[in-house]
Amino acid sequence: MTMREAVSSFVHDGDTVSLEGFTHLIPTAAGHEIIRQGRRGLTVVRMTADIVVDQMLAAGCVSRLVSSFVGNSSAGSLGELRRRVEKADPEPLIFEEYSHYGMICRYLAGAQRLPFYPLRSYGGSDLPSVNDGLRKVTSPFPGPDGEPEQVYVVPPVNPDVTIIHAQRADRSGNTQIWGLTGVQAEAVYAADKAVVVVEEIVEDEVVRSDPNRTVIPSHAVDAVVACPRGAHPSFAQGYYDRDNAFYRAWSGISKDPDRLRDWLKEWVYGTADHAEYVSKLGEEFWDSLAVGEAMSLPVNYGRRLG
Amino acid sequence: MTDSTTTTDVTSSELLAVVASRELAARRTVFAGIGLPTLAASLAHLTVAPQLEIVYESGVCGAHPSHLPETIADAVLITGAEAVLSMPALFGYVLQGGHIDVGFLGAAQIDKWGNLNTSVIGDWDAPKVRLPGSGGAIEVMANSREVFVVMRRHDPRSFTEKLDFCTTPGPDRAVEEGLRPLGTGVTRVITELGILARAGVGEELTLVAVHPGVTVDQVRENTGWDLAVADTVETVRPPGADELRLLREDVDPDRVYLR
Amino acid sequence: MTMREAVSSFVHDGDTVSLEGFTHLIPTAAGHEIIRQGRRGLTVVRMTADIVVDQMLAAGCVSRLVSSFVGNSSAGSLGELRRRVEKADPEPLIFEEYSHYGMICRYLAGAQRLPFYPLRSYGGSDLPSVNDGLRKVTSPFPGPDGEPEQVYVVPPVNPDVTIIHAQRADRSGNTQIWGLTGVQAEAVYAADKAVVVVEEIVEDEVVRSDPNRTVIPSHAVDAVVACPRGAHPSFAQGYYDRDNAFYRAWSGISKDPDRLRDWLKEWVYGTADHAEYVSKLGEEFWDSLAVGEAMSLPVNYGRRLG
Amino acid sequence: MTDSTTTTDVTSSELLAVVASRELAARRTVFAGIGLPTLAASLAHLTVAPQLEIVYESGVCGAHPSHLPETIADAVLITGAEAVLSMPALFGYVLQGGHIDVGFLGAAQIDKWGNLNTSVIGDWDAPKVRLPGSGGAIEVMANSREVFVVMRRHDPRSFTEKLDFCTTPGPDRAVEEGLRPLGTGVTRVITELGILARAGVGEELTLVAVHPGVTVDQVRENTGWDLAVADTVETVRPPGADELRLLREDVDPDRVYLR
């Protein structure tokens, strides 16, 4: 399936869309295609709301954000996000604030079809006063001191669609990720539909040579999209490195609404698809993000003889 | 047991495997233990359900075994599999997450609502026979869209009015407790006498088909409760030559389970 | 550390000992050493209580069993376990019965230091009537129909020590498992102390060539024991196959208390350690369990150049 | 800031990294973000804590980077690492499971109990400045045995009597709510002026050391609450030649963070 078809089939106005990938394998190309197709009123669920979220906000796709970190990595601020939150400029943004593990536990609950997930966070925090999703449960088992024990819980999140980026999958959707695997499996299992964007679609034999590497089995995947370099400016371990210069540049671009609009015009609306974005960046650029070789040593999955 | 000439050369295992395989038509995912369920699922994969993915509780998804596995964790299931998950992921995300269309279960005792006992014969505290227990059966029942039960023995002690112990409840019992199970519980019970079916919560198991040569009364006599019988009881189509050939030559040529 | 030292240091009379490995990588050699050292009054926690548990029961090590499946795989019965449970012969056995996922959730709660773990099992089952650990919690979030929703929970298990078998680890305890990985990571993280028994201790470089293969990091491991073929009669993917004949034989051996005693005398008490057990079985025997080669294809963990 | 001649050639980053590194003596596991914590932990690994394992919230345990990482998820942290875990495992088993000895945190505001604000300046609903939020800080605080805070800026707006918003509570606030946190919360705050310390729940941050040339009054003036001062305020030993050489030549030769 092409990215255009995947977004057109699985992302609708008003949907709750999870985009996951913790610094590694951020599904940027999918975010750009959502912008190109002009989706509106989305609820975006993403632990680290970073550049791609700022871009989707600027393009007017997003009315609600569920996140645990709204910043441009350690490289600065997200200009559009701050304008939306601080000044409702050009329009308000509904924001649900969690911590990282709170978000992880929401995916865990969603993936496991649980009504809530307990965690040992939030005691004494002001967050429960601004987030109705943070509630407490009394354990039916006595605590260490024999007294009743309370623990915070978060509700499940079940996105209409989760989109992730991965290194590779086979045609039927068995998806392999290495390096940082983040919360991608949980985000996919929590969702009603799942789209996996990959650097490459590989032969069945490649995947089946190492079934433990399959982080997401095909039964949980609704569409596989081949989109090389689709995680830029984030990285894909073993494929290309992080574009740290772009992260640093984004604070400046996003601080100025005109510059941000121009950037979107040139790099998103001005490119028909991610392949055009990639070629517009040029081979010399991609050479600067090239990675070396550090191959895993094989293990033997051999079965009995005969 | 089945004395029809069309099936005289068919073993009981073959019969059950073939009949169970047909019920898997157009299914996507099946949670199967080793033995008859594996045979049935493997045969279905070659016949009525080419898209079928067999999920094993050991963590294997999309196995492509070179040989018929001898256990649910046989190394042949892992070599060349599409995915091997941890047990928290398999039980939490795949099974409880609602990704299983059909779960296969067996039991020492079953009642008319499809509740199962695999814990004890006698009292739990001082059992006459200690059985293995739930394993993952409680989870398979609670979370699969439907459950098929294959029982080699169809007699009043196994098909009982009252279980000695309810290890694995069907959704009817869960609903009584105020919970909301995902699936419909047992929808098919396949035995050497025929097929019992159940449409959903609140329904009891009903005889819908008998094997050639088996009478409805025979099934009634071998069932420990007052068995409901469908208005029209079908006769099960005996295993076909193609089905038997595939089962014997492709699925289990070494006759690991086709004893 | 030798197995003798590990058991002597980390397994004490009266301890709660978790032995995990689901059909694959069962820590049999550790169980045998516990028998040799004559531990008493143990609580054994193990999802599938199978041959090694039957042996430990017969040797008088175990007074309480926490399990979700008490059978000899699909190969028959555990004679000693049945005598203990059915006839208190030669002494009673306290048995806590769970389902597989109930056990998994107990490890999950233990590993995550949670007071309980919710799961969608047990509704309508008779198990809660015989197991006080199965309780219910009302979710603080309304159910799908807007009404309050209840869910079963299980308590954490925190063994004094967890012992697992793995294919390999480095000297500091970074442990790699492939094929069936079961619930080993959770069982280790749930425990106060953890002993990892491995087929081989490998160079740091081997482990570090594939960090995603590390199921258990060194910070969770207290001792690493090299014990080749220590999982027999279970198997180690890529090392040796399952000894299905022994599984079939066990039902007969364990049915007769005298035969069982003789077996222990010959194969456990009569061997100084697992190396002697292995050599007593003989090379021809091990050849019959040899496995072929099915090597995983490598992946590239390469970083940026320069 | 620090006008003593012994440290004139030492940058603020170098000073904070060296001082923080010393506090890691004999620790086993540290949860570190990128920047100063990474510098401090890497230096400690070469000096006072050879067994130190640095755990990153991205999932990396036991990194052996060939270059200093630029982000917590830099590919150089993964290549050659001892383990890379999923985030549920990292946060659930490693952090909440209680395996972290020292967690490093930063903040826009800190109060005398070591509670932190990283969410907003102003009202949460209509903030003057929207800050990034918790990330994993709430979990690091709740679950590490102790927490070190490194603050570049030591002024009354950052060291405040009342936080604009408490994102990340120390255990004192959690205990008030009836919960039982694992750790002691913030035990060290390292700034350009000196070191504040806190012994445990119920204690407030107390000035225990100043850098050479810094007076106790200077620290008091730059702290937004009535600062407790230890009976004996030590003078921080300036970074030694060995420490600076290791930091400059081995830990961060490209001066990624040592700006």
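In this document, chain identifiers A, B, C and D correspond to the written order of the chains, with residue numbering beginning at 1 in each.
FYI, a residue touches a chain if its C-beta (ideal position, glycine included) is under 8 Å from a C-beta of that chain, and two chains touch if they have at least 3 such contacts.
All figures in this text were calculated on a predicted structure; none of them were measured in a lab.
**Student:** Tell me, please, which chain's centre (mean of its C-alpha atoms) is farthest from the centre of subunit A?
**Tutor:** Of all chains, B has its centre farthest from that of subunit A.
**Student:** State the pair with the higher C-beta contact count; candidates are A-B and A-D.
**Tutor:** A-D
**Student:** Measure off the straight-line distance from the CA centroid of subunit C to the CA centroid of subunit D, and report it in whole Å.
**Tutor:** Centres of subunit C and subunit D (C-alpha means) sit 39 Å apart.
**Student:** How big is the gap, in whole Å, between where the Cα atoms of subunit B centre and where those of subunit C centre?
**Tutor:** Comparing mean C-alpha positions, subunit C is 28 Å from subunit B.
**Student:** Which subunit B residues touch at least two other chains?
**Tutor:** Expected reply: 60, 74-75, 78-80, 84, 92, 96, 143, 182.
**Student:** Got the subunit A residues that touch at least 2 other chains?
**Tutor:** 108, 112-114, 119-120, 143, 149, 151, 179, 181, 185-186, 209, 212, 237, 241, 291, 294, 301-304
**Student:** What are the touching chain pairs in this one?
**Tutor:** Here the touching chain pairs work out to A-B, A-C, A-D, B-C, C-D.
**Student:** Give every residue of subunit B touching subunit A within the complex, in rising order.
**Tutor:** 28-29, 53, 55, 60-62, 64, 66-67, 74-76, 78-85, 89, 92-94, 96-99, 143, 182
**Student:** So in the complex, which bits of subunit C are touching subunit A?
**Tutor:** 112-120, 135-137, 139-141, 143, 149, 151, 153, 155, 167, 176, 178-179, 181, 206, 209-210, 212-213, 237-239, 241-242, 289-305
**Student:** What residues of subunit D sit close enough to touch subunit A in their complex?
**Tutor:** On the subunit D side, the touching residues are 33-35, 57-60, 70-75, 78-80, 84, 86-88, 91-92, 95-96, 115, 119, 124-139, 142-143, 165-182.
**Student:** Touching subunit B in the complex: which residues of subunit A?
**Tutor:** Against subunit B, the touching part of subunit A is residues 108, 111-114, 170, 172, 174, 185-186, 189, 204, 207-209, 211-212, 214, 216-220, 301-304.
**Student:** Would you mind writing out the residues of subunit C in touch with subunit B in their complex?
**Tutor:** Per the stated touch rule, the residues are 22-24, 48, 67-71, 73-74, 81-82, 85-86, 97-102, 104, 108, 119-127, 130, 143-144, 149-151, 179-183, 185-186, 235, 237, 241-242, 244, 291, 294.
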